[in-house]
Structures are given as C-alpha cells and as structure tokens.
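In what follows, structures are represented as structure tokens.
Paired with chain B in one complex and with chain C in the other, chain A is shared by the two complexes that follow.
Let's turn to the complex of A and B:
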C-alpha cells in the first residue's frame, strides 16, 4: 500500500525538479522583499538602539522573518487543481484509480515541499551565516531546537489538512476564487506569515493561539527562536496534535459527504 | 451472498437501472452561493429504468443527444454514481462498492480530461500505473511494448507531455489508461478534437484491443465514424430512456431513409414539374432546397421508382444518389426526437 504513495512521491519529486530554474527565480522573488523587511525593521529599531518591541529585539525580528520564510515553504499546500477537478468532472478519472485521493495529494505535497524546503534552506545559508557573523541571529538551544523538528513535521501535516479542507469545499460552493483568496490573506495573518503575532498584543495573540493556523507556521517559528518556555512548548505540541486529529476528521467528513453530494448532483 | 460470483457470466447486467439527480432550482442561479445552498432541490431523472445485458467481448456504441444520459450511464458503470433504482452488475461486481478488484477490471478514458502530468513524459505515468495497479513486471513490459507499437508511440513516450500534440497526447493517454489490462473499457469521446489520422490510429488500436484481449468496450461518442467502424451493437438513449438497442444496420433500416437523392434543375421552368413528381412519390417527405438543388431523402427501395419517374424530364435535370452516413441518420433521428429538456 505504501509503495503506491511512495511512487507518487517520487514522481512528484521528478516533476518538481523540472521547474528548478523557476524556483531559483521564485526564491529570489522571496529574498528581495525579505531583505527589504529586514532593512525596514532595522530602521525601526535604530530609533532606540537595544529596545524591544513586545519582547522582540532586532535579532529576534530578523531571525523571525528568516525562519518564518523557511517554515512557510515547508507548510504551504495550495492545490487549486483539487477544487478544479471537483468542479469540472475530472475527479472521475482520479476516484476510479486504486489509490486514495487525499493520500495521493499528500504524497504530491511532500514531493513538492520537501525539495522546496531543501533548496530554500540552501539559498538562505549565506544570509544565515552572514547574520550569525553579525550576531544578528537568535536561535534557541537545547530542547527547543530538538522539539522544533516534530513541531515542523506536525505543521506540514496541518498545512496540508487546512489546504485540503478548503479545496474540498468546492463540492458545495462551486466557483469562488475570490473567497479563497480572502481566506488565504486572513489565514496568512493568523499564522504569522506577515509579522510575529506577539506584535498584536497578548489578547489577540492568545485568541489566535486557539486556531489551527497558528500551529501551521507561528508555533514552530517562535519555538525555534526560543520565545516560549518549556511548558508552553509542551502545551503547543499537544494542541498541534489535537488540531491534526480534528482536521483529519474534518477532511474525512468533507470527502465522504462531498462525494455523496457529487454523486447526487451528477451531470 | 457472494458479491463476485453473481452476474459474472456477462460483462454488464443492468435491470431496471435508474438514476435521479437532485438539482438546485434554476431561479437561484447566479445569486449568492448560500442562497443556492438553501434552495430546495428538484429531482431530475437522469436515467429511467434501463435494462441492458452486455456479453463479454462486445463492442457497444452508446449514443444520444446531449443530456440523454450517456455520461450518467458511464458514471454508473464505473461506480462513481449509485443507482437510485434497479440493479447493476459489472464484471460480477457492484460498481458503486468500488472494490479494488473492480477498479482493476475497468478503465475510463475521457477525451476531454487527461491524467497525464504536463511536465513529465508519459513513461513516468506508465511506471506509476504499474505500481498503482500492481502489474507484474513481465506483463508490464510486454504490454507496454505492444502498445507503443500499436499506437505508433515510439520515442514520444519519453517526451514531456506538454510538448506533445493533441493527437499524440490522446494516444499516450489511451496507453496509460489500458496498461493494467482492464476487462471493461468505458470510453467517453476518445477521439474528441483529433485529426483524421489520430482518429484512425485510435480506432484501429481499440479494435485490436477488443479482438486480442476479449475485453468489453462501451464507447460514447458523437463521432459516428468511430461508432460505425467499431461497434457491432448500438444503444441509443434519449432523455434518460433507452430507445434503441440492436445492430447499426438494423437501426439504419428502421430509420428508413438511408439514401439521398439530389436533383439539379438546369432549366428553371422544370422545377415545378420536378417538385410535382417528388411529391407524388412521398407526399410526406419534405424537399430541401440547397444551392439550386432539390434534396430528397428516401428509403433505399424507393430510389429506383423515383429515378424512373424523373427520367422522362430528360436532359433538363441532373440526378445523383448518395448513401446517407450514419451521422446523417442519427442527426435526423435526434432532430425528430426534439431538443432535450435541459
């Protein structure tokens, strides 16, 4: 059974490799605005050297954007074609193959995100080394560093489940790209893709920390920067696991209900 | 009750097979999606009590105007839809259960959708399907080289799909779709949009596959040349009901008018006379006028009589007789049936 998904994963690796030149450009497209942001925050902090913004020093801020970018690459899973397949009837071709549809896309997501993470990491290395030389990097040590790995893996799974759940709504909603774009921007804020959620203040941050998006990006990132205490990290990992369970149930329900609806509406 | 053993003696056995759809009211179309969700669904009958038995190895053509229930039938046969009434067995399985054994026994190939990956050569897809369908390597190798040969694929299998022409892609897709050696093929417009050569290659391949492997084929197509060339049996659907099931030649006979007579009138004064003669032969049949010619459809056995009556008009007219194509006959039949209620 695993062999099937492994084959899909390998195939996706191959397909992803075809676009390697595209990648270099798209990563450059990421690095340029990132440098802009780093310069922006340096200017903000230079107003009063040594200051903190809601607990973030300039080193924390620099590190945050770098790590968030790396994690973001690993956890993004926007497979527009799933909604497309549902809408245009191509789903038929997929569901008659002896492989689960959701698992098939999970393997494809891994085949896209794993190499993407590796390449981004490679391209970021000079920046990371440079910042470390300037003593502009603040990375947690010891346990936090170790716990970053499971939290990142969980975040990847979570990102996939969130993306899948939103695509599967196509069973009910038909064409709604506008809504989908709005969702992406909102969840982008809620997961901390634009700025550290601590900047929102403790109230809003704690509200966000009950939502799954928080655990898709912000949690592993702040964990790596060393912003959280050990009990907080433990609780965070537990909530992450809980969200995964809930979202697996949600995706399963959406899929089976959606298929039933697909079958009743037909064409 | 054993699921597999029942109905294994034929490829398809449908008894009183029916399928209803629930559709949202048309009036709410275009308003907010939540209104569409709240609208009360209406029941539309996609397929009405169809009884059909298809033996192993048959090549069946499924035709009908848009909305006749062809797609519904293919979806039912492949297990995508559950029947609302009646019973259906395909290769001895209940399709809607979509058991692994059933999935390995069938293939669906659609002209307008491809499962190939744009950026990869089709050979990658062959490998994927070898794993997905657990095809033993020797079987895989033999079948693949046979398909490459029969479909004239050659080195095309190593070219990224995005660089292939539509016809080349369609042939690769067919090879991928049939690699697991399905016993039932469900083909939905497999030659859609293809040039004549590609159509012919695909047709030839399907005929060979059907003959060599004894697989059953159900072909849905608007391309009557495909149907005529391939199908020994024709099933015509209209508004969800089965209105014809038999051979193509019987269908043509049943329709009656299989010949077309064109009368070119060189002298305008003779036109009235010609019309008079034609009306005498078949008072009901309407004469069409096109490019200064009078066109009349007739049964084959009437042709002689009509020509005989026209003969005395002599040099002033030109008469030519053509065989009507299946396409013309089907088109005429569909026109008579009227547009479907969409």
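Let's turn to the complex of A and C:
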C-alpha cells in the first residue's frame, strides 16, 4: 500500500526536475525577501548598537529570520487545487483512484518540499557562512540541535494538515480566495513568519501558544536558536504530537462529512 | 463576503508591517536618516503601486498558462494589441479599496514626518507613482514575455513580486553596489523615488527621471514582447 504513495512521491520529484528553471525561481523567492529583511534589521539595530527588541539582539533576529525562512520553506503546503477540485466537481477523478486523496497530496507535498529544502539549504549556505563570519549567528548545540529534526518533521506534517483542513472547507463554502488570503495573513502572524512571536508581548504570545500554528514554524525555529530549555523542548514536542493527532481527526471528519454532501455530474 | 475578507486580509498585512516598523522604531531604532513617519510614507507608496498593479495588470501572470494551454492564439486573433489585452484584459476593481490603508499611511507620515510638500510636488508625486506603476508593469511584461520561449515559468512571476517587495525598504539599507542594481532593475522607482519627490529639494529632476525611466521601460517591454512573440508557435 505504501508503494502507491512512494510512487506519487517519486513522480512529484521527477515533475520538479522537469521544469528546473521554474523550480529554481521558486526557491529564489525565499532568498530575496530574506535578504531584504536581514539588511533592514541590520540597519535598524545599527541605529543603537547593543540594543534589544523584546529580548532579541541583532544576532537573535538575524538567526531567527534565517531559520524561519528555512523552516517555512519546508512546512509550506499550499494546494489551491484541492479547494478548486471540490468546487469544480473534479474531485471524482481522484476518489475513483485506488489511492487515498489526503495521502496522495501528502506524498506530492513531500516530493516538492524535500528537494526544495535541500536546494534552499545549499543556497542559504553563503548567507549562513557570511553571518557566522560576522558573528551574527546564534544556533543551539547538543540535544537541541538533534531534537530540531523531529520537531521539523512534526512541523511539516502540521503544515500539511492545517492546509488540508483549510482546503476541505470548500465542501461547504463557495469562492475561497478571500478566506485563503485572510488565513494566510493570520497564520503567518500566529506562526511567527512575519516576526518572532515574542514581539507580541507575553499575553498575546501565550494565546498563540495554544494554537497549532505556533508549532508549525515558531517552535522549531526557537528550538534551533537555543531559546528553549530542555523541559520546554520536551513539552513542545509533545504538544506538536497532540496537535497532529487532533488535526488528523479533524481532516478525517471534514473529508467524510464533506464527501457525504459532495456531488459531481458528468464523466 | 469574499471581497470583504480579501479587503481585511490586505489591510491586516499592511498593518502588520507598519506595526513592526513602529515597534522597531520605538524600542531599537530606524535606519539612519529615516524616521517612522517617513518609513510609513515609503511603505505606503510601495503598497500603493502594488495595489494599482494588482488592480490593472495581474492578468499578466497568466501568460504562461495561456501559452501552455494554447489559448494565447485566441488573444492574438483579436484586432488589438495582444500585449494590451494580456496586460489589462482583466481589471480587478475589488483590489482598489485596499488603497485606503497605504493612502492613510502616506497622509499620516507626511503630517507627522515634517514633510512640507507644495501643490506641484503632490502632482509630481502622483506622476512618480504612475511612473512606478508603469515601470512595474513594463518589467513584469518584459519578464513574462520569456514564457513565450520557455514554458512553465510561473515561479518567475512570484520571484518578480518578491524582488519588487524590496521596494518597501529604504534604498540606503542596501550595500552601495546593490543600490545600483535597484536602479537597473528599477525597484527604487516604485517607492523610494516617489518618496524623494515629496521630501527632496530636487523633486523636479527626480520626477522627470522617473518619467524618463518609465518611457524607456515601456519601449523595452514592447520590444521584448514582440521579439519573444516571433518565437511563439501556436497549435490550434
């Protein structure tokens, strides 16, 4: 059974390599805004050297955005076509196939994100080396570094499930562009894509920590920077696992209830 | 409802960036030579050009899909400029209300930033914004024309969006060599130049330069599209 999904993963890997130029530009889309952000914060901190922004020094801020972009690239899973397939009645083309719909898209996402992450990491290497040479990098060591890997894997799964749950609401809603735009902005804020959640202040940050978006990007990033104690890392990993379980249940519920009301006409 | 949600999303995203600038200014500082109100004007100008572009020219991003599925042939058969149809064929009026936020930021920034602009300067600012929008269109049209030669370059459109996203930052934060690049790939003309029209003593020169660069890029876009179209072969 897993062979089907492995085949989808390999097909997506090959599809990624077919249009290489398109793929390279999609990776450059991550690097350009990162450079802008790093240069901007360097200019901001140079106004008062040694200062901190809610506990973030210039090293912390630079490292945060670098790691957040890498993690964000790994956990991104935007599948507009899922909602489109539901609204256009083309979902039947998938459900008649001997492969689970959600599993199919998960394998596709891995086929896109895994090579993208590897190449992005390669392209980030000069930036990482440059920041390290300027003593602008603060990365954890030891157990935190090791625990970053399962945290990142959990974040990838979380990102996929959140995106899938959002798209499956198309069974009940009409045009989704506005909802998707608002979701993208809200989740971007809540997962720390725009700025470290510490900048929100302790109250709002605490509220954000109860939501799954927090563990999609912010938690693994903070873990790698070394801003988490071991007990906090353990708790965070457990909460990531809990959210994965809850979101799997949510996606399964949305799928089964959505399929009961789904209609498709034509061949 | 969808329109309202999109409006809120645009407003929220702009507000997040402005709030971040404000927090940084309050607790750390701002780039040398700038103040928070002036950054608000810059951010507002960049967002204004982006919204105008999204309202009028977002259909340009669909050129690769037109080439891919062959529907470009239908456009080429029309008795009008194909570039004009591809660029302005679908006006998204629903984006236009989002200019409220950047206009508000510009007005607030002008009032709080101590920028005293005369009537002619405001007119020149409008001209510079129009030039920035024109340049944005022309660069996008030039780059998207590549899809007539190389199929599947949708990511190039997103890459271009990210490049023009750099317009929201002061040009002074970039290293000197890169600042020259922002004039060649004229990101600087989207927001930094219109800002200088309001805040600089040489605003007439700056405004005329913006118009000249826009005219050059119009020529480049028309030439590039025509050149790439010669390589296009539709199968109907």
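Just so it is clear, the second predicted complex is superposed on the first by the 261 of 267 C-alpha atoms of A that agree within 3 Å, B and C clash if a C-alpha of one lies under 4 Å from a C-alpha of the other, contacts with A are read in each partner's own complex, and residues count from 1 in each chain.
We adopt the following convention: contacts are C-beta pairs under 8 Å (C-beta built on N, C-alpha and C of every residue); 3 or more make two chains touch, one makes a residue touch a chain.
The model shown is predicted, which means the values in this text are computed figures rather than measured ones.
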Legend entry - Clash or fit (per the criteria above) of chain B with chain C on chain A: fit
Legend entry - Which of chain B and chain C A:186 touches, first, second, both or neither: second
Legend entry - When both partners are placed on the shared chain, which of chain B and chain C touches more of chain A: C
Inset, instruction - Scan A:19 for contacts with chain B and chain C and give back first, second, both or neither. - result: both
Inset, instruction - Please work out whether A:128 is in contact with chain B alone, chain C alone, both, or neither, and reply first, second, both or neither. - result: neither
Inset, instruction - With the two complexes superposed on chain A, say which partner A:51 touches: chain B (first), chain C (second), both, or neither. - result: second
Inset, instruction - Answer with first, second, both or neither: which of chain B and chain C does A:194 touch in the superposed model? - result: second
Inset, instruction - With the two complexes superposed on chain A, say which partner A:94 touches: chain B (first), chain C (second), both, or neither. - result: first
Inset, instruction - Go through the superposed model and pick first if A:8 touches only chain B, second if only chain C, both, or neither. - result: first
Inset, instruction - Return first, second, both or neither, reflecting whether A:263 touches chain B, chain C, both chains, or no partner chain. - result: first
Legend entry - Partner chain in contact with A:42 - chain B first, chain C second, else both or neither: second
Legend entry - Smallest separation of CA atoms, chain C relative to chain B, angstrom: 6
Legend entry - chain B/chain C common contact set on chain A: 19, 174, 176
Inset, instruction - State the interface residues of chain B toward chain A in the complex, per the touch definition above. - result: 19, 21-23, 33, 36-37, 46, 71-72, 75, 78-82, 98, 100, 103-104, 106, 108, 110, 113, 115, 117, 119-120, 124, 127-128, 131-133, 160
Legend entry - Residue ranges of chain C in contact with chain A within the complex: 1-10, 12-13, 16-17, 20, 23-24, 27-32, 150-156, 158-159, 161-163, 165-166, 168-170, 172-175
Legend entry - Interface residues, chain A side, partner chain C - complex: 19, 21-26, 28-29, 32-33, 36, 39-48, 51-54, 174-179, 181-182, 184-186, 188-189, 194-195, 199
Legend entry - Of all residues in chain A, those that touch chain B in their complex: 3-4, 7-8, 11, 14-15, 18-19, 88-90, 92-99, 172-174, 176, 263-267
